[in-house]
């Protein structure tokens, strides 16, 4: 017995000290690039949606996880982004890259605008106001007055773009890589933001707004900016989703979208970038499995999961992974 | 005969230990004052006795151990705590504040008598009985808090810095009432007080705390005559 | 003119339902400083219970009483089991638990009773009182029941010892404990009452909007708006806010923005109140000293 454990320890000691931070993301990118060629079109579509949800969750996490502003209506920005892209492409023949970028810009503005009155709302009041926004949004989208633009109840349909330059990729595969590319770019942006001095200010505001103010942090500026950036992320995700699903309609953007985002960041892990990916994977695959049990099951599972995570795993899957990695590292350091 | 006996009391806020084994007595019908500088742990001591912080050690009240009881149950046993800052029910009226003190009592007649007694001790409260308690002055809120404690029909009255933030004249009034309560209603008193003079005039026993330990205790005269204590703790 | 009166009258009726739910929200807010996001789903579940009892042949008013009693107990149970553990947790955790509860209750109802829309009986007669064209019996009934509920609650809080203890626990839980009040029990009681009121509200509105697991979503938003409008810590405000909002919703829907955007009225009210006067019409402005 003792020789076994000695052996185990020596094996661990002989593992090269790979910098996990560099290797794992690189592995991920390589894997991600390979996948569309080995799995079915449908799976590619699903993974595409995972990337899109990851972007959306990154956005929400920036606002709620890192900055402490609770948003129960982030689906609204998702919808605005989706509709912006759809309208630009359908009514104005805009190229999709421009359309999606515009979604980002417009949502950033919308987020910043919403961030202004949000300054006066704390904790649960903000949750309440954003919740109301999320519930009312489908009704607003259906409004006959703006039907010419939004397509009313029927919505707008889009066509998936072909791969450029005659690349041998199906439209699904091409979109997959577009989403992946945008995801990597936005992850880089988010990572830089969070590890910078701005990121520290943002987190200081979450942890103790009074102390942050006393230290000279301009609460208003940081909070509205964070709202804007967060909305931009989710808006871009919305734009991508419009393109991927090829369709936008008011009923696709009910409060359930916002609720799903909340579940995603809680499950994945608040204030964690990798958490966005775990959350997105959860959102994409668990409801499909649950649906097979019963129509009611997905939301029951969401509910149980939400409450369970708050009590048992408040740091989400990302927190769990970090702790697991940390304990592996520390046990491999034992003499 | 002691109404309250505390032995080896430890108390902590989370990981921070504040009391390191405090011994203390209050005699039946008597009055004990707890003195000491800021941060000595005086408020924590009172809160520990009433079960409001994590504690260990023995606390015996009227012959029964109370160190494992919850705050509400300790109050029902007959300890009335007037917290630092008064603990006023700000959104309720003064009269409702007093009624709350008696909310666990079943004896309607005695309750009515206690009501009259409180208004007799504090006529200003009677005038302001329909006023929202949060709008009363500091002194009035202190009287209200003491009145509320009396409505509990306590055997032991515990007060945390009753003079805090009050003008000297009001403070004299409050202490005069406390003396009356102690002598006429035979309610024992445990009082934490920054104002050493007032406390030593009032109590029959004094305890001095420093960073969670009892450094000395004895009669008020002992305190007044001990030069070192005077310098170090009483600010003379 | 007849249209206007009718809109106002039916606005008062729906307003009564908003007022009742708003009252439940305010009660829980006063006691715990949390907004119960799951209030609507609780009410919906209670209404399903009543529907099941009535479908099984139980006379309406008996089913009504049973439902209210069971809801009361269920509300107390939820406080004990779920809420007590997150009482002092950060606000995000609390919100998440409420939302999770909402999902579970909604799914439970859907799973047990299905998602088909059902009709729910009204205990009030079909014909309008005195044949008037403005308000029908059920609408009048809603207003009457709302006043009865509000009146009973008011009496309970103002004149009973238990009511006073509940108010004390809500106003200052530390001091309440020092008075011998078992604050945990008071909170459970508050939740029980809120659930009972929700049950009444659900049973009142179900005949109008029909019964399905998602029936309370929009109504809850109105209740939130009403509670905020009146002042989130003012029961009187909740009632006034509820009735006002009901009328406002109908008038705006009929004359200003059309019936499709009625829910937006609630949204605008919420945002406007929170931005302009967060304490609402009758709430107290709480100044936090730094």
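Each chain carries a letter (A, B and C) given by its place in the written order, and its residues are counted from 1.
The criterion applied here is as follows: a contact is a pair of C-beta atoms (placed from the backbone, for glycine too) under 8 Å apart; a residue touches a chain by one contact, two chains touch by 3 or more.
As the structure is a computational prediction, the values presented were derived from the model and not from experiment.
Undergrad: Is the structure still one piece when chain C is ignored, or which groups does it split into?
TA: A | B
Undergrad: Just by CA atoms, which chain is the most central one?
TA: Per-chain C-alpha centroids compared to the overall one single out C.
Undergrad: Looking at CA centres, what chain is most distant from chain A?
TA: Result for max centroid distance from chain A is chain B.
Undergrad: Just the number, please: Cα centre separation of chain B and chain C in whole Å.
TA: The answer is 42 Å.
Undergrad: For chain A and chain C, let me know how many angstrom lie between their CA-based centres, rounded off.
TA: Taking the mean C-alpha position of each chain, the two centres sit 34 Å apart.
Undergrad: If you average the CA atoms of chain A and of chain B, how many Å lie between those two points?
TA: Chain centres of chain A and chain B, defined by C-alpha means, are spaced 55 Å apart.
Undergrad: Find every residue in chain A that makes contact with two or more other chains and list them.
TA: Nothing qualifies.
Undergrad: What part of chain B is in contact with chain C in the complex they form?
TA: Going by the criterion above, the answer is residues 50, 52, 70-73, 75-76, 80-81, 83, 87-92, 96, 99-101, 103-104, 148, 152.
Undergrad: Which residues, counting only chain C, touch chain B once they are in their complex?
TA: By the definition above, chain C touches chain B via 161, 164-165, 167-168, 171-172, 174-183, 284.
Undergrad: What residues on chain C touch chain A, complex-wise?
TA: 34-35, 37, 82, 85-86, 89, 91-97, 99-108, 110-111, 115, 217-218, 221, 224-225, 228, 258, 260-264, 266-267, 270-271, 274-275, 278, 290
Undergrad: Would you mind writing out the residues of chain A in touch with chain C in their complex?
TA: 64, 68, 70, 72, 117, 120-121, 123-125, 127-129, 131-133, 135-136, 139-140, 142-144, 210, 255, 259, 262, 266, 270, 294-300, 302-307, 309-311, 314
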